[in-house]
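Look for chain A in each of the two complexes below; its partner is chain B in the first and chain C in the second.
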Partner chain A sequence: MSLLTKERDIVIPGEALAEGMDYLPGENTYRESEKIYSKVLGLASITGRVLKVTSLSGPYIPRVGDKIICKVTDITFSGWRIDTNTAYSAMLNVKDATARFIRKEEDLSKILSIGDYVVAMIVNVTSQNLIDLSMKEPGMHKLLGGRIIKINTHKVPRVIGKQGSMITLIKERTQTEITVGQNGLIWLKGTPEGELKAEQAIHLVEEKSHLEGLTEKIQQFLS
Partner chain B sequence: MAYKKRVDGRKVDELRPMEAKAGVIPNADGSAYFKIGNTVAYAAVYGPRELYPKFLQNPKTGIIRCFYNMMPFSGSGERIRPGGNRRSKEISLVMTNALAPVIDLSEFPNTVVDIFVELPQTDAGTRCAAISAVAIALADAGIPMKDMVSSVAVGQVDGTVVADLNYNEEAYPAIVSDIPVAMLHNSKQVTLLQMDGEISKKDLLVALEMAKIATEQVYAVQMKALKERFQ
Partner chain C sequence: MIIVNKETIAQLALQDKRLDGRGLTEYRTPIAIETNISKTAEGSVRVQIGQTIILAGLKMAIEKPYNDTPDEGGIMINAELVPLSGPQYEPGPPGKKAVELARVVDRGIREAKAIDMKKLCLVQGEKAWFITIDLVTLNDAGNLLDAAGLAALAVLKEAVFPAYEPHTGVIDYKTKTDQHLPLIKEPLPVTVYKISGQLLVDLTSQEEDAFEARLTVASDEKGILSALQKGGEAPLSIEEIDRIIDLALEKAKFLRGQLK
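For the complex of A and B:
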């Protein structure tokens, strides 16, 4: 009948979090007989009676409404096959790619060709993790120039910061255009020096994300 | 009953000094280093990622694949012929079987998690060191796991039941047995149990009880390595 862990404790898979029926298993936890165990390596958190574990590493799980950066890998009859930086590729249909009318015999590679990067939104995910994308939502576009870097997907919220504070800071100080995808890909475009500085800053955020006073550290790094 | 004192002076139930670290290979999704005595294992985990050939895909869950490899210079004697062989294939299989019961990849159907283990230096107990390293690496990669797997060898040297045999004990000129055991931390279920040599029923039961305590010591090292990852 007791809690075996504290808020923000680092727990490992199979570690008992609580004993007795007073608590309920939440995200990344499971109950076996009297105890609740963690399923992943992460931070424990307690909200009321619900115990959950926030994962600190691991694969990106596609969710509807996420804005992701992804790469065109193939052109089919009715659209494009897209690499999403997960174990699953996605489909982007012609009707979801652009608002303008496309004739039947039009060459699709004129719109998006193999190797292009795009910003797209996930509109549907099936139980088998088949993903449908759309570029009709506001802000979705093809990425021209610049370069792509990869980070741990669980650090994306920290790179963006509260109401985009962290990413705005990096953008302003380095004079670089930056787009962050929920799947851990980041697009940078600016001067070579600016891009390099921004990349270093982003990797610094990724590395130190669980420490206090992160914004000050980044400010110091960029000044 | 000649074997009273162990060749390296340890107590009968004493393990060799252990060391572990998580996140040693930045390019991998998860990685770990595990050292027990002179046996060193590096594990790297990649995935979940797309699985080919396609007939291996399971639409209900993801699968795991292990690749065990001893480096050519890792032994204490002759050069080991590089590349896979019958032995490494068997160990890869028993490792997969030892780890599969704790891994939950139902959220990632049709995918694979690839696990690579390299052993730059060996002194017996390699499959146990490999399994212990992989368990850390899988947790580091954020793969959902129901429990931790800890592994260590126990056995019998000339009538004395001992834990964690080194190469000199395995090669001791008497009746010897070497029993690698992998155990889950919470349920104490055995996921790996093999044996080389001979042992009496009575000694086997003693050895398995010893394995319970020994795997717990391995678990403590694994837990420490994982918690230090985010300090």
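For the complex of A and C:
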């Protein structure tokens, strides 16, 4: 019958969002008898008849198509086991790691060794949350030098900004190469001063992401 | 949290630079010392250097003096690296790092003869005050040694005796007197690290993975050394040790300034 929440309201798990059959449960919500409840702590949003909640806390949930930064933890017969900064580890198969032909007896640690960080794309997530990665997409590579910082995964969209506006701003002003992984890991490479400035700017975005006029603040910080 | 490889830190050090933009011999900010944080201890402090946080608590009890020093009290320092303070720590008996931390802080104070142990004796061969300092880390973001040393000295300066009734022999821990410990000297350890041949102080956890050698120098306010502790695999030359001691004395002066 009626909506019990407003657009951009902060809701908590178990909070009723709407009553009656006029609305449909979307992402992070569920229906129980007549009411729609939130599953997570987050911001409510209403698109037409669909209610969804944008989560504000909690771990990263792997999704197909996401570009993530992750660490090689083990070498197997046919590929690498990779830590994705989530509760689940991922597999990177030899055939997905490089376009080059790899002979049977070749030493896999020459390509990627334990402790290396890579940018990879999630190509498959099973119902058991087993993740398959690929490095064949454009922009996927092994990370050399620079530094990697960790941020709250829910702030990643704010760090990137609308059509990448925020990250482009930081890149241009600090002359630093930046790759943002959806799992909250960010790789920075440039001069030591540039890296530090970019790191501080990213942490500022993370901290102040809920405030108005964020882009101006960052512009001011970087100038 | 930052992930970075050791070579990057070593190369930066060669150019007189650090990951967080500090100078090589610059301490992190803030350095904060909060006293009297616990009602039940005779002395308690919380010391923060950057993101590193450590608590120190001091308790006093009356015990029988040791046979070889019948007219002296005693001091004991323990350190605990609780799992809460970093992912590398596990619950259970103290590991190498915790033992070293406690021993280095203890030696700095003991060998400086910082406390007049004879004044702690109440009845020769029978009763004397014994001091226990417990150091508990809340967050390890690097340089626990200096933070622990600062906390131990701060708690020694702050602690007061509990009320004691000599006739009945009862200590009333709930009532505190205004009598402080008989502190003669104020020893403070400063750890100097060597990375790429350069000398650095106040390392962060990332930098601690990359150091070659370290030397902890404990000195009192007059600049008299009371203890040294070497760590790391690389050797140190005599000239380097001279430079380390000069730097440590300078930094001890700076930290002592923060204590007041």
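Keep this in mind: the second predicted complex is superposed on the first by the 223 of 223 C-alpha atoms of A that agree within 3 Å, B and C clash if a C-alpha of one lies under 4 Å from a C-alpha of the other, contacts with A are read in each partner's own complex, and residues count from 1 in each chain.
Note that a residue touches a chain if its C-beta (ideal position, glycine included) is under 8 Å from a C-beta of that chain, and two chains touch if they have at least 3 such contacts.
The shown structure was predicted, so the numbers you read here are calculated from the model rather than taken from an experiment.
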Contacts of A:150 with chain B and chain C, given as first, second, both or neither: second
Partner chain in contact with A:164 - chain B first, chain C second, else both or neither: neither
Per-residue contact with chain A, leading partner among chain C and chain B: B
Partner chain in contact with A:213 - chain B first, chain C second, else both or neither: neither
Chain B versus chain C as contact partner of A:20, first or second or both or neither: neither
Partner chain in contact with A:129 - chain B first, chain C second, else both or neither: first
First, second, both or neither for A:37, with chain B first and chain C second: first
Chain B versus chain C as contact partner of A:193, first or second or both or neither: second
Sites on chain B touched by chain A in the complex: 29-30, 47-50, 59, 62, 102, 104, 107-111, 139-148, 184-186, 222-223, 226-227, 229-230
Of all residues in chain C, those that touch chain A in their complex: 1-5, 8, 12, 15, 17, 19-21
Residues on chain A engaged by chain C in the complex (per definition of touch): 117, 145-150, 185, 192-193, 196, 199
Chain A to chain B touching residues, read off their complex: 10, 12-16, 28, 30, 32, 37, 39-42, 55-59, 61, 87-89, 128-129, 154, 210
